[in-house]
Amino acid sequence: MSKLWDKGYALDKLIEEFTVGEDPLLDQRLVAADCIASMAHAKMLAKIEILTPEEYGALRKELSAIVRLNRDGRFPIRREDEDCHTAIENRLIQTVGEAGKKIHTGRSRNDQVIAALRLYTRSFLLEFQEAALNLVQVLHAFAEKNKDLPMPGRTHLQVAMPSSIGLWAGAWVEELLDDLNLVDTAYALNNSCPLGSAASYGVPLPLDREMVAESLAFDRVQNNVLYVNNSRGKFESIVLDAVEQAVLTVSKLAQDLILFSLPEFGYFRLPDELFAGSSIMPQKKNPCMLELMRAKAATLSSCSAQVKSIIRALPSGYNRDFQETKAPFLRGLDLALITVRVMQAVIEKLAPDTERLRAGFTPDIYATDRALELVARGMPFREAYRAVGTDLGALEQGDPDQAIRRRGYTGTTGNLGLELAAKQLEQRREQLASRRRGIDAKLEALAGMAVSLHG
Amino acid sequence: MSKLWDKGYALDKLIEEFTVGEDPLLDQRLVAADCIASMAHAKMLAKIEILTPEEYGALRKELSAIVRLNRDGRFPIRREDEDCHTAIENRLIQTVGEAGKKIHTGRSRNDQVIAALRLYTRSFLLEFQEAALNLVQVLHAFAEKNKDLPMPGRTHLQVAMPSSIGLWAGAWVEELLDDLNLVDTAYALNNSCPLGSAASYGVPLPLDREMVAESLAFDRVQNNVLYVNNSRGKFESIVLDAVEQAVLTVSKLAQDLILFSLPEFGYFRLPDELFAGSSIMPQKKNPCMLELMRAKAATLSSCSAQVKSIIRALPSGYNRDFQETKAPFLRGLDLALITVRVMQAVIEKLAPDTERLRAGFTPDIYATDRALELVARGMPFREAYRAVGTDLGALEQGDPDQAIRRRGYTGTTGNLGLELAAKQLEQRREQLASRRRGIDAKLEALAGMAVSLHG
Amino acid sequence: MSKLWDKGYALDKLIEEFTVGEDPLLDQRLVAADCIASMAHAKMLAKIEILTPEEYGALRKELSAIVRLNRDGRFPIRREDEDCHTAIENRLIQTVGEAGKKIHTGRSRNDQVIAALRLYTRSFLLEFQEAALNLVQVLHAFAEKNKDLPMPGRTHLQVAMPSSIGLWAGAWVEELLDDLNLVDTAYALNNSCPLGSAASYGVPLPLDREMVAESLAFDRVQNNVLYVNNSRGKFESIVLDAVEQAVLTVSKLAQDLILFSLPEFGYFRLPDELFAGSSIMPQKKNPCMLELMRAKAATLSSCSAQVKSIIRALPSGYNRDFQETKAPFLRGLDLALITVRVMQAVIEKLAPDTERLRAGFTPDIYATDRALELVARGMPFREAYRAVGTDLGALEQGDPDQAIRRRGYTGTTGNLGLELAAKQLEQRREQLASRRRGIDAKLEALAGMAVSLHG
Amino acid sequence: MSKLWDKGYALDKLIEEFTVGEDPLLDQRLVAADCIASMAHAKMLAKIEILTPEEYGALRKELSAIVRLNRDGRFPIRREDEDCHTAIENRLIQTVGEAGKKIHTGRSRNDQVIAALRLYTRSFLLEFQEAALNLVQVLHAFAEKNKDLPMPGRTHLQVAMPSSIGLWAGAWVEELLDDLNLVDTAYALNNSCPLGSAASYGVPLPLDREMVAESLAFDRVQNNVLYVNNSRGKFESIVLDAVEQAVLTVSKLAQDLILFSLPEFGYFRLPDELFAGSSIMPQKKNPCMLELMRAKAATLSSCSAQVKSIIRALPSGYNRDFQETKAPFLRGLDLALITVRVMQAVIEKLAPDTERLRAGFTPDIYATDRALELVARGMPFREAYRAVGTDLGALEQGDPDQAIRRRGYTGTTGNLGLELAAKQLEQRREQLASRRRGIDAKLEALAGMAVSLHG
């Protein structure tokens, strides 16, 4: 007997392959989270006297053992087990006996899945925040170090106005910090406890949802039990949309690096180890990881769109369609995290080429400054604009350093405000550390051991 | 001379149609926002003495006149004007003369577009929040009124467990309230002032960005001027993603209503005026607006996906690709707002059919309750589950009212927690009113008249 | 009486706005097609004696009048009319009387919509093919004219191997010709007659579908009447997917032109009239139409994805969701056509810069050729590759012309095969002309006048 | 030394994970195709005397050995090998020596990837056609068997007009047959030989592309070598779009089956083995595989959208972004094939419930028929429509069998035209068998053994 819902009839292999899909593989990463959630559920069942203290103790011990087995890659999920939840229950029945047959009292696989995903996602989001802050930090350091280094400012990819490395790098810093606001909102929504929803409609038992939420360090109980199931896919798409923004930011930064490190521009240099060769052309150094960032941003967008498309217009309550959201969700999370980490590695090794950057200041870059000089002498801007535009040949070579110093108001090359970002970065670091401490302490108390739920 | 950038060469009509696109039409709704932003910019130019007080006064007066013309549908944007920004500047030059030629000092069309969109979006988001709260309120009232009315709970669209109208309606209430958290985050990001960014790189003039932000009731200056332009499309996609979640919620509610108001279920009745007929079949009453909610949720998803796809991997600084984000953005906002409003109209007229709802309680709905009775007598759940499952014919008709009362813990039919949602609703109402008061006061001070920036 | 399905109850304005949507505007372009389809339907009704010959004559005359009014922009569709089909029937009843009340016998609005869309789409696809062939022709001429002009071949955007303008331009030619295969398939599917399906289930009348199909120059009757309605949205998405490929091709060509016309590359020059200026920077010449091609390709992709998302998992038979496919469909068609036409205008004016193209041949471009010289002397390729790779400094400047001549096998710079494409182009031109002649003759016979169904 | 492009510097593990990605896993299925393509390339190198006959013989023998190892799951691709192409070349160098170092002469990894994908895809498309034809066949048999069994026709999911199982099932038959037209077009485009393109620009060697194409049973050489590389991703998206239409068809059929097998409708019965149970509710029989068909159709749409989004606006020539298209492509193919197969299994076991189908004929289903009776007596349709609509209570119960017989023209219940579909089915079977024979014969001649390239 391997499946919870097996009632004796033979299931066609094809149907099994179709309905089980990638779950046995994907669920490897949910094993620890499901064990922890099961401990909290069992602890609560003991409190309401459905389990004896001894039964709870035995289950907790065995669940800890499974966490360790999984950590060592020794808890396989067989295709016949369908998913980690069945595999774990089957093992508990096998090793603990009677208590194993009781642990599913008052819960359904659906809310197990949701609980495990929330715990996993919470852990992921903390790691993602750390990775994003690390990227912010190296970009900020790059901005600080080269803050007054002139760089041609471009629009439409064409030379536009005087700019600086400080402005360019600072822009990414601020964008990523803003992106983290979305991650915050997703984190807060995700950090609510679904357990007790059972199959969407609760059960006629005196479950203590607050106790379970507290054990698992959730910030709140997600109240309405039907809403719990209706939020499957929704929360996943919210998390994906949030991390997607950071990856979209990275995709644009990657595009700048691809273009501006071409010999034709030469603004940046990257070390050889960040390039890949060609199988046929001996001379090639290809910025493959930067190209893949562009492409992976598209992949991530499709993950989120897929999840939304699956849940759209579904009837309320659990539907199996939700299962199909697991793969794009987990795949999207992986991709977001590694993309941000690889970009950090790139920025750490990025070097500006001072000479080429200055050489990019051709006379036409000063056209607007010239028009504003005419304005200073009293000519209305629109006339000054025309005067300069009809005699572009008269533009002279200017001084890049002076040009970027002359922009002095908030947020411009002469007044970058990098200290504001530094402060935000520090505050976020502290918040992150505080969140981790609180969660780790509660989970360790529950499990009697330190537990890592992501990665 | 009609275009700012016209340097005298003839532009092929085809190129014009291609590059101008829908802007003259779409920009009708941005006229007021651009005028207000222009007033704030002009006020600041006066402070830094690029405009005389008289020039500023004349510009402000004429900008107010344009706002009124636009409100009355009498400010056409000609195709040759390309967009509202050029149309407004051209008119200012025509009517105010010299000062009109000065107003563009220190700004570019790009940051004008961004500023107008931010103001328009802020106004939209306040209206959207109100509409969503109205929907929450009618759903909440429906839940309260019918809170103990039994309703078959379904999963996989099949009868699952005893539930109630209160649980069903309360689920949508809580989901929509959660959706508004995303709207909050989008609102906060959007409420930052882009002006002063010029063409992405600022200008060598002592612009006072803080003053402009304050005049326009923005919460903050968006610091880095390059980031301002890099955030074009990004903020639009964040806003779309936020309102999309509410529309996804509505799409699922619509699906429930389509199905459960079918004669075969009969749980709900809707009045005739909410149905449409057929051109050929005299008897038809079709729930067209509910079907369109399903479909429009797909449209909204595609709006957001389109915007993200356009901005992905663009080089930094302004690129014309951004223009293509305007149509899906504005279209998506319209669609989100009307969808929520129509659902409110539907729920206001929704009536449950008590008899059909009770008739849906077939004996199998009590299967889990029966298993838990066996658990209460000491049988482990997994064995009780099997015992019931192998003798389904033995299940007896139960009492729906008793069944839903027996679920008594947090968030279940006997303990809905509707008062928690009521409190959230009230707090959100207050926050919304307070935001509106603050903004209206500042904009009225700036414009010398009450101004409506959306709709 | 303004709506066919109006049964006397007042419809809330909100519901009307929501359900009618953009139809009155979008349907302007379907008026002629609906009139033509109505003529064919009426002709058949006359044959089966539901209409008298006089009634048919009167209807045909009035339908012709509507076609002319619409052509002159004088057939408004009022919001109360909802769509063109109701507007036309209402007018027929008004002007022709009794016969107007008979014309809807044996048809429903659904199959009217489908019929009008098929006729419009057929006409569109013929225009699109012509536009694509025009683009192929100018690219082919560009390839021929510059076929032996050396151009650095790039991979990963980095210099890779010797190439030529002929190879570069010829690649787009062949890609676009392949894209037209998809258009062919879409054309063939679309060219089947839906009329007679009524509301998805036919009617108990002896309709002659073959006669209607023949009158309208359809290649075949779409047999199963339920399938007719199930194919709504499907055929639209197939058409969009087909034209999307051509636009994706154009988007990549646009990217090449944006990059390679930058001063840093300088391979191509475009005349001033194809550039747009900046509102603030007097010197700017921005390739806006090329940037918009990139962006509009994303828009087109979202149109197709939207349609598929709307129809996915709908129950069979007509559902109102289908209405929501009309806007993305028509918008996508417009966009595809103008994008191809604008690219033709660009290529007509494109000029290569011989000097800059040759200057792009830096010594490293010959690395592979050098390795193959070592191979010719007997060294295994993998060793030759390493030998060159470890001594890149030894590479010498080569002769671009010689390098591209040395590639002589099928499809390479020395053997472009442009004549194959020329032949395909000619065959497609002939097929297109033949299709048009056949259709025009039949429609003129039906309407007694030449009719344009698209544009 | 494990990577072709390894020039001695240490590559950071992170970059490796990021750039290699899923390739070692995904490439398992391309091993056989790459070996076959390598045989054809080697055979041609022998003809142009870059390899000796002995070297070619040794390579062919070893490549055959790899095909067999891979078939038995004994050809691992190590992460350090990056992909199957490097793994195979490394092994050849190891086992065959000198000749192994020569096999890469005149080709690049890019065109190897394209060639392997084309061969794999061709094989897949033949299997997909077979699976789709099998589904058509069981649907056709179901239609034939129940062709005159009355079934309520629905629009907007509401009862509309008399219909039959024959019409309902025949609609899916015709839709799937039409879907196969897209597969044909994709097949034809895919069946062209890319080899010889090298790194997009050919090589200065006298390669014989026609010989390679002939050996591999390709219909033609894809001429322009740059176009070969530009078509990466394009052909994948065309194939995905094609199979997606069939899966969209299946998704709608699945929705009908989910709804119409609910107890509330009861039109269809499915055997227990096609349902899944619940982990908590003993009574549940959930149609999980039908729900997953809905969801997987969304997944497939996102695969195609992802590929298009990745390739959009890329510069010409190979870019590493292309690599990211491999996973969604292969995943989409798998999903399309299994979905069609599972639906076949479902239809094979589907049983109509005659009694419930007839019971669905409520009096209002005859409303249109009644109006047309009034038309037969001379009343204009629009008046008859109103007469019936204002007195719906007067409608009487009719005779379902008579009602469906009375529809007698092309494509209606009394004239289904199932024989037309049967004929198409037969022709497609023959075409498929003929294609397979031709390909198998050529590949067996090349490899000296029968080779399976897909699955």
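The first chain written gets the first letter, and so on, giving A, B, C and D; residue counts start at 1 in each chain.
Here, a contact is a pair of C-beta atoms (placed from the backbone, for glycine too) under 8 Å apart; a residue touches a chain by one contact, two chains touch by 3 or more.
Please read these numbers as outputs of a predicted model, since none were measured by experiment.
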If you check the contacts of chain B and chain C, which chains show up for both? A, D
More C-beta pairs touching across which pair, C-D or A-C? C-D
Please name the chain that ends up farthest from chain B once chain centres are defined by their CA atoms averaged. D
When the centre of a chain is set as the mean of its C-alpha atoms, what distance in Å lies between chain A and chain C? 38
How many Å are there between the centre of chain C and the centre of chain D, using C-alpha atoms for each centre? 24
Residue list for chain C, restricted to those that touch at least two other chains: 4, 7, 104, 155-157, 160-161, 198-199, 203, 259, 277-278, 280-281, 284, 286, 288, 291, 294, 298, 301, 305, 309, 312, 319-320, 368, 385, 389
Quick check: in the complex, which residue numbers of chain A touch chain B? 4, 7, 50, 89, 93, 98, 100-106, 110, 153-157, 160-163, 167-168, 170-175, 178, 181-182, 184-185, 188-189, 196-210, 221-231, 234, 237-238, 241, 244-245, 248-249, 251-256, 259, 294, 297-298, 301, 305, 308-309, 311-320, 368-369, 372, 375, 380-383, 385, 389-390, 403, 406-413, 416-417, 420
What part of chain C is in contact with chain A in the complex they form? 155-161, 258-259, 262-265, 277-278, 280-288, 291, 305, 309, 312, 362, 364, 367-368, 370-371, 385-386, 388-389, 392, 395
Which bits of chain A are touching chain D when the two form their complex? 4-7, 9-12, 14-15, 17-19, 21, 85-86, 104, 107-109, 198-199, 203, 272-274, 276-281, 284, 286, 288-289, 291-292, 294-296, 298-299, 301-303, 305-306, 309-310, 319-325, 328, 338-339, 341-342, 345
